[in-house]
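There are two complexes below, and they share chain A, which is joined by chain B in the first and by chain C in the second.
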Partner chain A sequence: MVEPIAPPPVSAETMTLNMGPQHPSTHGVLRLILELDGETILRATPDIGFLHTGIEKNAEKLYYSQVIPLTDRIDYLAPLSNNLVFCLAVEKLLKLQIPPRAQWIRVLLTELSRINNHLVWLGTTALEIGAMSVFLYCFREREEVLKIFELCSGQRMMCSYFRIGGLAVEPPLDFYSRVDGFLKMMPARIDDYEDLLTENRIWLGRTKGVGVLSLDDALAYSITGPNLRASGLAYDLRKECPYSGYENFTFDVPSRSEGDCYARYSVRIEELRQSLRIVRQALDGLPEGPIQADAPGVVLPDRDKMKAEMEALIYHFKLVVDGFAPPAGEVYFPIESPKGELGCYLVSDGGPRPWRMRWRGPSLFNVQLLAKLLPGHLLADAVAITASVDFVLGEVDR
Partner chain B sequence: MGIPQELATRSPVQRLTAALPDAIVEAVEFRSELTVRVEPAHSRAALEFLKNDPELRFNVLSDLTAVDRYPLEPRFEIVYQLLALKRGERLRLKARLPGDDPRIDSITFLWPAANMLEREVFDLFGVHFAGHPNLRRLMMPEDWEGHPLRKDYPVEGYR
Partner chain C sequence: MSEWISRHPELLVAGLKAGVLIFVLLTAVAYMVWFERKLIAHIQSRWGPYRVGPHGLLQPLADGLKFLFKEDIILTNVTSRFVYLFAPFLSLALALLAVAVIPFGPEEFELLGTRTGLYVADINVGLLFVLAVTSLGVYGVVLAGWSSNSKYPLLGGLRSAAQMISYELALTFAVVGVLLLAGTLSLREIVDGQSGTWAGFLPRWHVFPQFVAFVCFFVAGVAETNRTPFDLPEAESELVAGFHTEYSSLKFAMFFMAEYAHIITTSLLVTILFFGGWLSPFPDTAAWNFTRFLPSVLTAVLALLFFRDAFRLTNQYHRVLTFLICMGLAGLAFLLLHPTALVLAQGPFWLLAKTGMFLFVFVWTRATLPRFRYDQLMAFGWKLLVPLAVLNVFVTSFVVAWRAD
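What follows is the complex of A and B.
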């Protein structure tokens, strides 16, 4: 006998309502069990696991380099952030130095994926609150970002472009002009979104004072990223413990003190602009040099060398067939993904496969927060709050 | 095993030893990440101390997970990733549990964030958290058999 997931109702007067698993505003398969008194939410119980694919388990039987394509599929709105955190964690295990050019391109592309993520967030959130046109505009610009991803990796969404030790290939020549074009177009487009929303009375009515998250609660629930910054703490891992050369870039960390849906919106809008600033600096200051570390036991040899030198061919064969084995030990590498702190905890037993890979995604924490944020609000606000905290179910369930 | 000389003076190790003399089993530093392993019976007290001590203030629970060390015993390792937000300092706290009937105190009263994390470990590793308000499966269906992240659970599942 399987017990029901939700606790028993508070009284016979209340109604239990299932929002999801197939509800358009849950962006995937999230089930929220809401207990309602009239239109007021008394209790919210998130029920997750519908998208559980066992990525952590699968990683345990793959070589380190084979795990990279799995990571794309976790947070599929910011695949390059996932690639980055996994590569950085393995590189920390290996104590590998990454050449500056590879670091710069990594920063450039992860910031573009932040823009990609925030555009999807803004579009869908606006759609849920009833602003159809913002959704269309956001997806139009997002397509430009995806085209840039496709240009360098061959894939729009599942890029798998970063490698342990650097990048897969040198980006094609028209990559630079495309990014430049995007940077020139985007500021005016962000102004357009703001024209449509920032002082829009309906938008203000639906978001101001709704779903207020206090700083204490944010810390108690381990909330990070834009949600934490909207609750009054300008904490950003790119500033606090810079990785991948972020210390070389100038940018601001926006924060608001209100902690409501509107604060979460304004923080993300400002982050869009800051990301553009970082991409511009990365593009203009892109150093010359190799795109892969000089680590023959880890990085695949150059294709041309492989065809001319026996040694290189042997290395290539050995690496593909046997993988490489980092020393036994464990690392936890946190980065600032678009949704918050994305941590990769790797335990190595000295073999070629990770003994354990734990994916600390911010989405799970954001979903857990709903049980705290929703009670006391009207049912209609549940949609606005759920949308505003930003999660992706692929990362919640992994 | 034990606490190496150079780590004994680190403030988390030093203060924790002073407060709970029997708690620490081992302290390790690898790639400049400090890991402290405690007796499972003391894990709850140690975490409470690390969170509330005015000098340490590890006030954020970044993550809670487990590692299966099969076939070694004690088999399960519960891993707490702590963060002192003010200083940006991180600390990993661990406790090892035996393979038969692994159980440890829940820390949901310290950090509500631990709620789903402990449920996930319960679901995927079969570790019991004493005092958890709602310890039930999180990822797998309620009537699932076995704990998928255990090393003796085949990747393809049972057939």
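What follows is the complex of A and C.
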């Protein structure tokens, strides 16, 4: 299905340009080897591996609960999505039931982290195309999201807030008013971004018909998420196989058929609004109840209980020293991360550490698109397309 | 020697005026950078420079010192060492040169026994001189891009060569409309030709009959200065720093200053050609006589603002500095009330006020608009601006010929 890109005939007229790994627009440390004829790109080869962190391998040496902070660092623009997918995978292995309040807060925060991711995406994409102010506006609003994260987890970016079996702690009281304030402010701010970009002639010229990804190619390249939806298939894991209680929320899955940079832009703008809708529902309909599953062998006991009950103290000691051992087996759990299908594949040998962890990050697939989309475009488009497909190098290299 | 000088006092006067103008222009360039950073920051809901001096007013000085003390890296593998070193000098020299023929006011005054005006040189082909000198500026950029022997500068240099030559055409055609109306190439006479009013209130500025030319000229001017949305030669997200990627220290600063000097020149030129230069926008009648005190009043208002800040700021050293600036401005406000100064200041005040408006627009577009792509830029220049400017020339010539009959 994927036709190989024929190497162009080598001539003295072409120029090989190393874009990156140190370059303002490669979103981290991606190296793009571009073969240029004047400013037209004949061939593009993404070169990855500059941000290899060995997180998958490291996970094999850690207890399950110790892996959560590592997952934050994979896609550092949507850390809570990573927390969530890992927790859900382990919980599936353990066949654990999560109380609804924990699920609701998880959905709320994951959608906020989708907003976070899309704001960074919008800001950087606009900056690559030259709209400097949109970048700063987006980061201003993103700061508000990060403050909300900090409020409940104590950390702006590396939250590690979800635990296997629920949440780390109950969110503080002003968390709810803060989220409410954000939800009230945000729609007008999204309108502002749209005022600056959506009907701007230069923006339209730079994004419409640029980097067109057909649906067939998208499927052949295993593209998921907003990029797939911009190419015409309204496929969203939150609808297709709901997890963490997404079946209780009403939201639309936006899709466009053009598959160009503009479609990718408008899909993400619409997703921002849909995420706000979900957060609003989660905030208003937040059920009462515990925030952690009733599973003493897995969930750390309450501090107060530890001081009063012998069993709690023993469980605490056992959990911290030995961890917990899920039954032997393997599990794959996919969720809809802001960038696409994010899957966590775990193999357990019955011990307290994962025998193998494999991360199916959408960024790796998105990066591979560049070799397909860039040829035939101008150098300026290379920057626009690179920004529009949305990837994070931490997730590409892992 | 002294005898030779006393026989040619005009040379000494010209040298003196050139020195003052260069000093003023370089200071203006430095504060243009401050103004841009500050304005963009406020548009983007930030503070901008705020630490170095009150409101960051000493930031340009700090930046200048930093450029001076940075390591001056001279590449060993440049295509041509001479061209590599010469390019930034050429850029800056040409950018500064253009201001020499800009008249800042109509008044004449006595200096060292010579009657002279508010200009360095009043030549009868002033407009041609400005256009010629600014279009030579492309050499600095192209030579820098070529001689750096590096890929990003090369692409930046190529882009700017194509862009500046293309937009030069639209720029020049747009000016022709004004020339047909003014009938002279001297910038002084072009301004003089715009004095008076239509219907008693509308100033006879060229912008009204030549609005199309004004739009073409301004857009092409923005493109000529490589500013957003036409900043392709130095598009940061694509070409790192474009043609000046391989320059550091003072050589980089020279390109930087050249760009801002170009912006100022273009704004001055727009003001002179289309907005009546130093002419006041108010009718020249007794009822409007009080507007003569505007320069003094505005300076006093500025002094008052600084006076307020002198008490509001928390940093002691900023407060002292603010108070000194306030005193200086108050003194200037009083000085401007002196009968000679009152008359002399009118021209420069209106010219600079109008120029400031265009500088604001330059910065505003930079904060708002995305960047064109290379092919779109060429299409916009050749398919829209040039035909529009040519059409304007035709229409204007017909009208001028018809009215002459």
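Just so it is clear, the second predicted complex is superposed on the first by the 389 of 398 C-alpha atoms of A that agree within 3 Å, B and C clash if a C-alpha of one lies under 4 Å from a C-alpha of the other, contacts with A are read in each partner's own complex, and residues count from 1 in each chain.
The rule we apply is simple: a residue touches a chain if its C-beta (ideal position, glycine included) is under 8 Å from a C-beta of that chain, and two chains touch if they have at least 3 such contacts.
Since the model is a prediction, treat every value here as computed from it, not as a measurement.
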item: Touching partner for A:58 - first (chain B), second (chain C), both, neither; value: first
item: Contacts of A:372 with chain B and chain C, given as first, second, both or neither; value: first
item: Touched partner set for A:262, first chain B, second chain C, both or neither; value: neither
item: First (chain B), second (chain C), both or neither touched by A:315; value: neither
item: Which superposed partner A:182 touches (first chain B, second chain C, both, neither); value: neither
item: First (chain B), second (chain C), both or neither touched by A:104; value: neither
item: Partner contacting more residues of chain A (chain B vs chain C); value: B
item: Overlapping contact positions on chain A, where the chain C interface meets the chain B interface; value: none
item: Chain B residues touching chain A - in the complex, by the definition given at the top; value: 30-31, 33, 35, 59-63, 65, 67-68, 79, 81, 85, 88, 90, 92, 111-113, 115-117, 134, 136-143, 148-149, 153, 155
item: Touch list for chain A against partner chain C, complex; value: 15, 17, 23-25, 39, 126-133, 136-137, 140, 196-197, 200, 202-203, 205-206, 378-383
item: Chain B-facing residues of chain A, complex; value: 2-3, 5, 7, 48-49, 52, 54, 56-58, 60-61, 92-93, 95, 219-222, 233, 235, 240-241, 329-332, 334, 341, 343, 345, 347, 355-356, 358, 360, 364-365, 367-368, 372, 397-398
item: Interface residues, chain C side, partner chain A - complex; value: 40, 43-46, 151, 155, 159, 228-229, 231-232, 235-240, 366-376
